[in-house]
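What follows is a single structure, and I will ask about it in a moment.
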Amino acid sequence: MSPAWAIAVPLVGAALIAATGARPNLRETVTLSTAVLLLGVVSSLVPDVMAGALPSAVLAEILPGIALRLEVEPLGMLFALIASGLWIVNSIYSIGYMRGNAEQNQTRFYVCFALALAATMGVAFAGNLLTLFVFYELLTLSTYPLVTHSGKPEAIAGGRTYLGILIGTSIGFLLLGMVWTWQMTGTLEFAPGGILEGKASNAMTGLLLALYMFGIGKAALMPFHRWLPAAMVAPTPVSALLHAVAVVKAGVFSVVKVIVYVFGVDNLARMHSADWLPFAAGFTIVMASLVALRSDNLKRRLAYSTVSQLSYVVLAAALLTPISIVGAALHISAHALGKITLFFAAGAIYTAAHKTEVSQLAGIGRRMPWTMGAFAIGALSMIGLPPFAGFLSKWYILQAAMGTGQTVAVAVIVLSTLLNAGYFLPIVYSAFFKAPAADVHGHGHGEAPLPILIAQTATAAGTVALFFFPGLFLGLAERLAGG
Amino acid sequence: MLLVLLLASALAIVRARNLFAVVVLSGIYSFIMATQLTVLDAVDVAMTEASVGAGISTVLLLGTLYLTGSEEAAPGHRPVLPLLVAIATAGMLIYGTLGIPVFGDPSGPIHQHVAPRYLQEAVEATGIPNVVTAVLASYRGYDTLGETTVIFTAGIGVILLLGMGRRARYGAQGQGGGMQEYLVLRVIAKLLIPFALLFALYVQFHGDFGPGGGFQAGVILAAGVIFYTIIFGLANAQRLVPPRLVEILVALGVAIYALVGDIGLLLGGNYLDYFVLDRDPVHGQHRGVFWVEAGVCITVAGVMLAIFFAFAGRRRRPDAKS
Amino acid sequence: MIAQHFPALQVVVPLMAAPLCVLLRNARLAWAMALAVSWAMVFVAGSLLARVLQEGVISYALGSWEPPWGIEYRIDPLNAFVLVLVSLVGALVISYSRESVDHEVRREQHYLFYAAYLLCLAGLLGIAITGDAFNVFVFLEISSLSTYVLIALGRDRRALTASYQYLIMGTIGATFIVIGVGLLYLMTGTLNMHDLSQRLPAVEHTRPVLAALAFLTVGISLKLALFPLHLWLPNAYAFAPSMVTAFLAATATKVAVYLLLRFFFTVFGAPLVLGEMPLPEILLALSLAAMFAMSIVATFQDDVKRMLAYSSVAQIGYITLGVSTGTAAGLTGTVVHLFNHGITKGALFLLLGCMAMGMKRVTLQHMRGIGRIMPVTTFGVVIGGLGLIGVPLTAGFVSKWYLVLGALERGWWWVAVLILASSLLAVVYVWRIVEAAYFKPPGEQVARLREAPLSMLVPAWAMIAATVYFGVDTRFTAGVAARVAELLLGGFR
Amino acid sequence: MTFIAQFNYWVAMALLAIGLYIVIARGNLVKKLVGLAIFQTSVYLLYISAGKIIGGTAPIIAQGLAVYSNPLPHVLILTAIVVGVATLALGLALVVRIKEAYGTIEEDDIHSQDEER
């Protein structure tokens, strides 16, 4: 089946959602069925890819010699699977959340959501840099209305930062890098082993790499990370799927893709022009963790945790060894599952108890055992303990770091693990073992609405499952590393 | 010598504060310019400059001053920048002209390539001894179509902006307008105007042989009516030549001109091809030029009248309506 | 058979229609005729372009006097392309105009209004199509005079002063052009552009020729509103009737740019203009100044028409920047942006015209919350805005791509950076509109508005659709532009 | 070349400068237009002077005359003059309307009035 369907399905879905906006039940049925259908389409591509084929489709020729072209390769496959799979769960969750909080403009919400997914699929299956760029920008634009959903002043301000940084970096750096690449090589196609081999001098490559790494603002490499915390003004489902999975992963995904298919791992390794990257990533990991440690607002803490976790992927990719690439790919999926669980939990707490600050969560575990249970699982996976997915990816990355003798990287990973523990465990602890502070309005709230529970339990289970049965994802990741 | 006078009058215009003085001076300026142009063998141009620069422009300016008041305020800001700009531009041109062929030298490239052929073959090709008219109406007839269109544009522009005096306004122009109470003037006018129109026709048709042509004729034609208006007032004038008629004239001229071109097409030639207008190409040329000049004359006369009516029909407003 | 006379008809038909409007003296008929003529011209221009692309240069001798003795129409891909742009925009604008003109212009003036529009169209087409340097001036004046009139018909009294200011600066510009042409004629004895290009090399380095180049450059720059000669533009655009603004913004300055290209590359030739003069450097400096200064000024405007007017000056900076690179890619960028920006800006002004139906002046305050009241119109504005920024899948992106590429080919990497940086400024002013339209509560004035009628929305959206279409499928625009660029450079560099 | 030989051109430039100066420096809308007219006429002089041939006569073919001045500049300038007066008329019409709308034809007053609103 043509990968173009993966984009067409959510687009059509969006149209239908808009059409059925008047009747919520029907509308949400459409959303769900679209999500399921999409997963169907995506997974139907898996066999071919596992068999080593690269299903592709040309949509249009934007510029002479540069087509809008889709091509499914292992990493994209993996990314698409996660995104589309989690969309189903997230849709269930959204229904509970949006209704539970009686949000405004729900139709616009679901429409933009579908559009965002279409863009995500485009990013995942992009066959060349231009296509990647196009959908990358569309993703930014389609998620903007979701960030500013509430229309409150802080939402608008958040939206500005979001748009400002993402558009700014992408047009200012990424586009420039792209045109430059085109001017040097005459192609923008993703090719195993890269396209810059022997085309660009050492210094040029270094500069170009910087343009790409910082140009892909969605990877939230410091100092261009502020958009992510800013985006937390959005309703939780948005933060959960888009700003823990789709958008941010689109960022790191692009990073890995550029390093593997544009620069070429060996090429970079030979040139030593990428040596600065681990430090940049490491710095981001540590700094973000420290900020997370000090922030009391739960979603903000999660956001900074995401920032640091994203740089794990960058770091892994920057190590430039096959095994580290595998680690990077795995971490994309592992972190996705873990972090979405955490956000689900945060949203559940907000819906049920209207609490947003970490300091308010004392003893809440007794009232909301399921939620906090899921939260705990997510947290442990973040820290990287077995038997959770996070352990797996971290293990690969650590191995790679050891193997390449990058002591800095090793140190960073160890340190950040401690920090993760530092900012997650206290929440879990106080939630279960502290006596609830006598608060006025919290009385009588129980668990969150059922859809929410289902969703978060599912993802929590997923984190465990991925640890025990990583087969598919591992397979894809190894294909990628194999080139 | 004339040139010096020219400069003097221009400088006088700069100095003068009273706008009436400015207008009069600019009229003088145009006359000197016209004379200078005759000296330079450009008789047609001179004639036009005289009728336009000294005639029409002056009338228009005076009409405007009547509506807007005639004192210029002292300039508030220091005119340093303007001076620089002006000097710079002139400097640029001086730099350029330092390299051009000596004045009046027949060997200059300007006299070589295109022009000689006009002088040689124009008469045979078009049967029109006045080469200027030949080139104007035939070789570069398309430019002249454009020129007529420009006039036409200005005409409808002025009508759009000022409207053509509606009857309501006439109260403003004194009793019934004009000065027909002066018997002498009336008689003289009655005598003169026919001659003016006659002269216009002469200029129109003599254009082929001597200086003159549709444009000048149109101006004189209009001048006649304008003269009539000044004597007998706008009301009577517009009874003679109603605004709607003027409007039609304005459009008609251009239409005729363009039509001549279309006929050229229909008869299998290119646009504005006069050769095909008659079995004998020279006659064809002649016919084409005749109609084209007629078109020019009509539009010019119409527009001049329209503009004059528009200005005359405007009531003087001392205060802003904003 | 008739097709062979298309070059003449392209200009003469609208020129003929104008006096007919006056003779008919009926608003509806005048409009209907303008409509018919405009669309007919689209067809003519289209077929001319097709013919040029297949058979090469078309030469048409008016009055059957062979050039250089008579006036020649000379059509190559470049001006055929411009003809298509102008007539297409004209057709769309006139289709849109009825309601808007009914609303903004006094009824009894309509037939003259449409006559003036037709003259303006004829003038612009005439400039674009002619191969005679002096004929350019004549048609330049036709378009200019009619433009002054059309602008002066705006409802605000400042329309009058704007028109006057434009009249002064425009006339100075035109006179400069006449001087330039005169000097060229003085040195070569011909007025025909093609003939000039043959004879100029002999006298290339004489002072008069260089002076002519200077005068023509300045004069044309005045017409195309090259910073800092743009002073006439903002008010003219801000206070003219909506459809006039749209038409001018999309065509007038673009035709002036065409004129610049024509004189630079056809008459004088790339080696002289790009090789030996400091012209590219000057042009580059002014372009960059325009891109930044004007974008910044635009971000501080509250009157949206004014904001977009300043943005236009900035965008013209991009266009001239492409020229200054003197590379194939850069010139392609110039020509493509000529077209793309014309379409985008035209569409934006048309949509603002829809909003102007309900409010006296379209300011950010007035348009608060309009996104809910006029969703279709407002969404169109957003897409158009994205086009200005140069977001991928809009035409603006394609232009930027080529311009950046051109800068890099020239080795001006810092210029490339600046181009992108300045397009970020566009984000700022576009987003001021977005936030005002969607996130502010509707004022009582806006609340009374209704969505614009289809007769206006359809043409406006057709242009918006075009901005998107030419952002996705660039075979036509970029294809032609690339050919033109090759043609202009003629193997230079 | 001698100064006198090119005297026509010198005068043309002087007039050009004077005209341009009036246009830019003067605030009175009518006077600006007069300046504009001078500016344009200077160009007429430029063209016609270029077309002159010493010892030539007006380009009207007749017996016994051999040398004629160049007719083309005359044609061009005829057009230019017409364009000039058209512009002037339109400009003046605008001035009248401006006077009616603002009550003044001085640039500065107009600006100050626009500032107020």
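Note that the chains take the letters A, B, C and D in the order they are written out, and that residue 1 is the start of every chain.
One rule holds for everything that comes next: contacts are C-beta pairs under 8 Å (C-beta built on N, C-alpha and C of every residue); 3 or more make two chains touch, one makes a residue touch a chain.
In this text, all values refer to a predicted model and were calculated from it rather than measured experimentally.
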Drop chain C from consideration and the touch-connected groups become A | B, D
Two candidates, C-D and B-C; the one with more touching C-beta pairs is B-C
Taking each chain's centre as the mean of its CA atoms, chain A sits from chain B at a distance in Å of 75
Cα centre of chain A to Cα centre of chain D, whole Å, reads 70
Rounded to the nearest Å, the gap separating the Cα centres of chain C and chain D is 28
The distance between the C-alpha centres of chain B and chain C, rounded to whole Å, is 31
Touching two or more other chains in chain B are residues 93, 97, 100, 108, 110-111, 114-115, 118, 140, 143, 146-147, 150, 153-154, 157, 161, 322
Touching two or more other chains in chain C are residues 134, 138, 141, 145, 148-149, 152, 157, 179, 185-186, 191
Multi-chain contacts in chain D, i.e. residues touching at least two other chains, fall at 20, 50, 72-73, 76, 79, 83, 86-87, 90, 94-95, 97, 101-102
Chains touch one another in the pairs A-C, B-C, B-D, C-D
The answer for chain C against chain A in the complex is residues 386, 389-393, 398, 400-401, 404-405, 408-409, 413, 416-417, 420-421, 423-424, 427, 431, 435, 438-439, 471-475, 478-479, 482
Residue positions on chain D within touch of chain C in the complex are 20, 23, 29, 32, 36, 39-40, 43, 46-47, 50, 72-73, 76, 79-80, 83, 86-87, 90-91, 94-95, 97-98, 101-102, 110, 114
Within the complex, chain D is touched by chain C residues 134, 137-138, 141, 145, 148-149, 152, 157-158, 160-161, 163-164, 167-168, 171-172, 174-175, 178-179, 182, 185-186, 191
Per the touch rule, the chain B residues reaching chain D in their complex are 3, 6-7, 10-11, 13-14, 19, 22-23, 26, 29-30, 33, 36-37, 40-45, 48-49, 52-53, 56-57, 60-61, 63-65, 67-69, 72-73, 75-76, 79, 81-83, 85-87, 89-90, 93-94, 97, 100, 102-106, 108, 110-111, 114-115, 118-119, 122-123, 129-132, 135-136, 140, 143-144, 146-147, 150-151, 153-154, 157-158, 161-162, 209-211, 215, 307, 310-311, 314, 317-322
Within their complex, chain D touches chain B through residues 1, 5-22, 24-28, 30-31, 33-35, 37-38, 41, 44-45, 48-54, 56-62, 67-79, 81-90, 92-97, 99-106, 108-109, 113
